[in-house]
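Following are the structures in question.
Below are two complexes that have subunit A in common, paired first with subunit B and then with subunit C.
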Partner chain A sequence: MTQQNFKRNCLIAATLAAFALPLVVRSATYLHILIILYLYAYMTTTWNLVGGFAGVLPLGHAVFVGIGAYTSTVLWLQYGVTPWIGMLAGGVLAGAVGFLIGKPTLKMRGAYFALSTMAFVEGIRVMVENIDMLGPFNLNGPRGLNIPPLAHGEVNFWAFQFATKEPYYYIILTMLVGVLFLTWAISRSKMGFYLKGGGEEPDAAQALGVNVARYKVMAMVLSSFLTAMAGTFLAQLTLFIYPKSVLTLDLSFELAFIALIGGRGSIAGPIIGALLLRPVTEFSRIYFSSTLPGLHLIILGVVLIVVMLFQPRGLTEPLTNFFNSIARRFDASAREERK
Partner chain B sequence: MNLLEVQDVTMRFGGLIAVNDLSLNIGKGQILGLIGPNGAGKSTAFNCVAGLYNPTAGKIIFDGEDVTGQKPWDLCKKGLARTFQIVKPFASMTVLDNVTVGAFAITDRRDLARKKAMEVLELLDMADKRNALPGALTIADRKRLEIARALATDPKLLLLDEVMAGLRPTEVDDVIEIIRKLRDRGMTIFVIEHIMRAIMALSDEIVVIHFGKKICRGKPEQVAQDENVIKAYLGENYGTA
Partner chain C sequence: MDLVFIAQDCINGVLMGLIYGLVALGLTLIFGVLKVINFAHGSFLMVGMYVAYWAVTLSGLHPYLALVIIVPAMFLFGYWIQNLLIRPIFIAEKNVREPITVIIVTTGLWYVLDNLALLVFGPDYRALAPNPLKGQMLEFGEIFISVPKLYGAIATLATAGGLYLFLQRTRLGRAVRATSLDREAASLMGIGQWKIFNIAFGIGTAVAGISGAVLTPFYNVYPTVGIPFDIKSFVIVVLGGLGSIWGALVGGVIVGLIESVGPNFMASTWTEGIVYALFLLVLFVKPSGLFGQKQDW
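== the complex of A and B ==
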């Protein structure tokens, strides 16, 4: 078995194990924690398309989660459109908004882009909190939207509501695997090379034929579209959305934290980041939400500082080296056997 | 037939005239050297040609087409590639990946881009360093990487901005060798260089600029004896002292 094969087999084994997990984990609570973990890994991966590969720091991705959640929910509540179509509609709308935000701001360098995305998410949140009706659409202001749960007999695939946690688990896991595959394919393609080059040395990339701004906007649109799909999923999972749950800086920052700590611009980074950090958030909320709300952000901040000091490219790099050394040892022992 | 014509180009930054009414042309397959004292406007002239700056006045004709004010990435697709005086490698990408970015200018397919990149690296004797990160390279190799990336875009005209600055004499000889090899393959080359030995050995013709103005143009041996050039480099009183 070569190193390449060993790595591929590990990947396949991990994927199969993830799909088989609900056979072992029967508790709804733990399944829910896993679902949320995958959801964050998914959102961070889509964030990473812009924040990692294109080399800018978007701090307002909650806008797209919110657009996805509100679009599908409004369509379902007012027009009875299945959330699956709502998911695509939200994605398209978010892609358009991503284009409008990205077109002027992605030309800015460094902190200015980050600040303008932050301003945008705050602006949208305040607007939604103060608007009850947006044209014909009922956003219900700060009270949010409640999706009435269907009775057990009525739940079905098209309603995107299920009696147990397992279907949600499989849906988000499929979405995650899909978006990881997409990221992998992009990172090997012309677009991936152009994004990475343009993010690191824009002048050099432009001289090599890269329209840096255009590729960044393309990445932004794709990222917005995919992030909005997570918003629809979140709405259908919790059946209740309000501005402070989906349109917040908290969520925007957390995605950036996970990516930065896990490893920006790498495919495994968001997964590793989510695996390590989501439990921190989850448990600090369970145990400290009444006494110290927001504690998880402080913990994440401290972890981020430590990681940036000692592993500025995130935790993926040392873990990859560790994994590679195992793969090499495996390779070497296999060669021994053949002799 | 001229591949590049610079017609009366002026570049002004506020009150400073960096390039003043500069005209020059390069024939196909020629090597043209651009020299001048520090601050003479060489790099600014280059940046106007390469599309980084939009000249205040004048025209740039490339391959029979007016390309004044076009963007660097469009010029690159038309066959104009450049290196930077201060090397700008993509630090987190391997040498091969760096060159592959350039090769994607001529193809959308990864395997073809990879193949092109390997060809260029072999041409420049860098194939054995393909998996290194730019940070691990010597200055000479980093300069060579700049050339390799530009070559991967399959240019008709190559602009080389001081690719020999900071190199040891033997390394300079290697680069001269490379540039000759490229010329023999029919490439047109526009060089800025401070190392006189190199520019004298390479150039078919040399243009000298001083305070943004062209003061001399001619064969290397003519330029070396031109009174204005000697004054520009050595001072007004050199002849009388």
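== the complex of A and C ==
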């Protein structure tokens, strides 16, 4: 087995194991935790498309989660449009908003982009909290929207509602694998190289004739579109959305933190970040929320600061090195056998 | 509409706006020298408010007299934070003028500080206990002026004037300005870059401490009190021009006026949205703000 083959086999084994997991994990609670874990891994991966590859710092990605959640829910409640189409509609709307934010600010200094993304998420939250009707669309202000759960016999694929957790599990896992594949394809494409060049050495890339700002805007639009799809999924999973649940700075920051701790700009980074940090959040919420409120946020903040100071490329780098050394050993032993 | 009400709202808006400007002053000063935005500034204000609260509660001093404790304590806090957390980033990313990692680390610091306050002091809203300024009003005919806000506005002008004189007239102030203009050239002239960074961060934090002392007599203290001020300060500094002292005050007054006069024309919850919209408008149309320099964006 060569090093390359070993890595590919590991990847395939991990994917198959993830798909087979519901055969072993029967508890709805644990499945739900896994679903949330994958959802975060998905959202941080889409964050990483712009935050990692384009080398800027979006701090308002919750705005796209919110747009995705609200668009599909409004279309379903008022017009009976299946959330699958709502998902795409939300994505398109979010992409347009992403363009609106990115176009003027992505050519400015990093801080301005970070600030304007924050202003957008706060501004849109204020807007949704203050209006009940946006034109013909009922957003129901701060009270949010309730998706009435269907009876067991009526649930089906088109309604995006299921009686058990397994379908949600497979949907989000498929979405995650898909977005990971897309990230991988982009990182090997011309766009990926331009983005990386523009993120690391903007002046050099500019001098070589790369329109850095244009590729950053493209990454932003794509990231917004994909993040909004997660919003629709979240709405269908929880069946209840309100401004303070999907349009918050907290969610925006958490996504950024997870991706940054895992390793911005690497494909595995957001996954590793979510795998390491989501359990910390879940367990401290379950066990310490009454005695030590906010503990998981302190942990998150401290880990972020320490990682940024000592391992600024994220935790993925040392883990990858460790994995590579194992892969190399396989390679070496294979060579021994051949002799 | 009654003109007296509008006049009353305008006075309130200007006073409160100047206090917003004071909070933003610390942020703009740090930006002016380090060229980075301290995202934890609101949390520094929160720390300042708790320091003020405890200094007054434990010693029974007048909140403005407690400044002799608050200002040095907050200065040292900022000096230490820059030395411990921000300096290593500048050293690691030597060839980057304004490393984005600083934003990330200060955002992490924001989370740590806010939640530590929640852990230590609990979620209670605390009002200053021996509060000599509580609810005092000056009466001019039909117009009422809140005394603690008036004092706060005066403190803002005094702080801004003091900072201006410090930067223009003293040797250290000149060194700070030199570092802000060109780090390398200033270093060559024998100005220690790190010492100036520490001092600028210390002063910015001390100003957050002054804002804390000014706010506690009429504003409750709680762990997330910094967040609304944090975001408002970002808006104000961009509005006035990043790095500009007077821009921060003008930006503050604009935001204060929108907040106090706005509710005459719309639901009061909308004013926040207007402020963000104005912020985005400035960002898109004139990113250098009202008083900023072109190279600063």
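By definition in this document, the second predicted complex is superposed on the first by the 331 of 339 C-alpha atoms of A that agree within 3 Å, B and C clash if a C-alpha of one lies under 4 Å from a C-alpha of the other, contacts with A are read in each partner's own complex, and residues count from 1 in each chain.
The criterion applied here is as follows: contacts are C-beta pairs under 8 Å (C-beta built on N, C-alpha and C of every residue); 3 or more make two chains touch, one makes a residue touch a chain.
These numbers were taken from a predicted model, which means no experiment stands behind them.
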{"item": "Overlay on subunit A: subunit C relative to subunit B, clash or fit", "value": "fit"}
{"item": "Touched partner set for A:A41, first subunit B, second subunit C, both or neither", "value": "neither"}
{"item": "Which superposed partner A:L59 touches (first subunit B, second subunit C, both, neither)", "value": "second"}
{"item": "Partner chain(s) touched by A:F120 [first = subunit B, second = subunit C, both, neither]", "value": "second"}
{"item": "Contacts of A:S189 with subunit B and subunit C, given as first, second, both or neither", "value": "first"}
{"item": "Partner chain in contact with A:D203 - subunit B first, subunit C second, else both or neither", "value": "first"}
{"item": "Residue contacts with subunit A in the superposition, subunit B compared against subunit C", "value": "C"}
{"item": "Partner chain(s) touched by A:L277 [first = subunit B, second = subunit C, both, neither]", "value": "neither"}
{"item": "Subunit B versus subunit C as contact partner of A:N211, first or second or both or neither", "value": "first"}
{"item": "Minimum Cα separation, subunit C to subunit B, after superposition on A (Å)", "value": "10"}
{"item": "Footprint of subunit B on subunit A - complex, ascending", "value": "188-190, 193-194, 196-197, 200-201, 203-212, 265"}
{"item": "Of all residues in subunit B, those that touch subunit A in their complex", "value": "50, 52, 71-73, 76-77, 81-82, 84, 88-93, 97-98, 100-102, 104-105, 108, 110, 113, 149-150, 152-153"}
{"item": "Residue ranges of subunit C in contact with subunit A within the complex", "value": "36-37, 85, 88-89, 92, 98, 100-101, 103-105, 107-112, 114-116, 118-119, 123, 223, 227, 231, 234-235, 238, 267, 269-270, 272-273, 276-277, 279-280, 283-284, 287, 297"}
{"item": "Residues of subunit A defined as touching subunit C within the complex", "value": "55-57, 59, 104-105, 108-112, 114-116, 118-120, 122-123, 126-127, 129-130, 249, 253, 256-257, 260, 292-295, 297-298, 300-302, 304-305, 308-309, 312"}
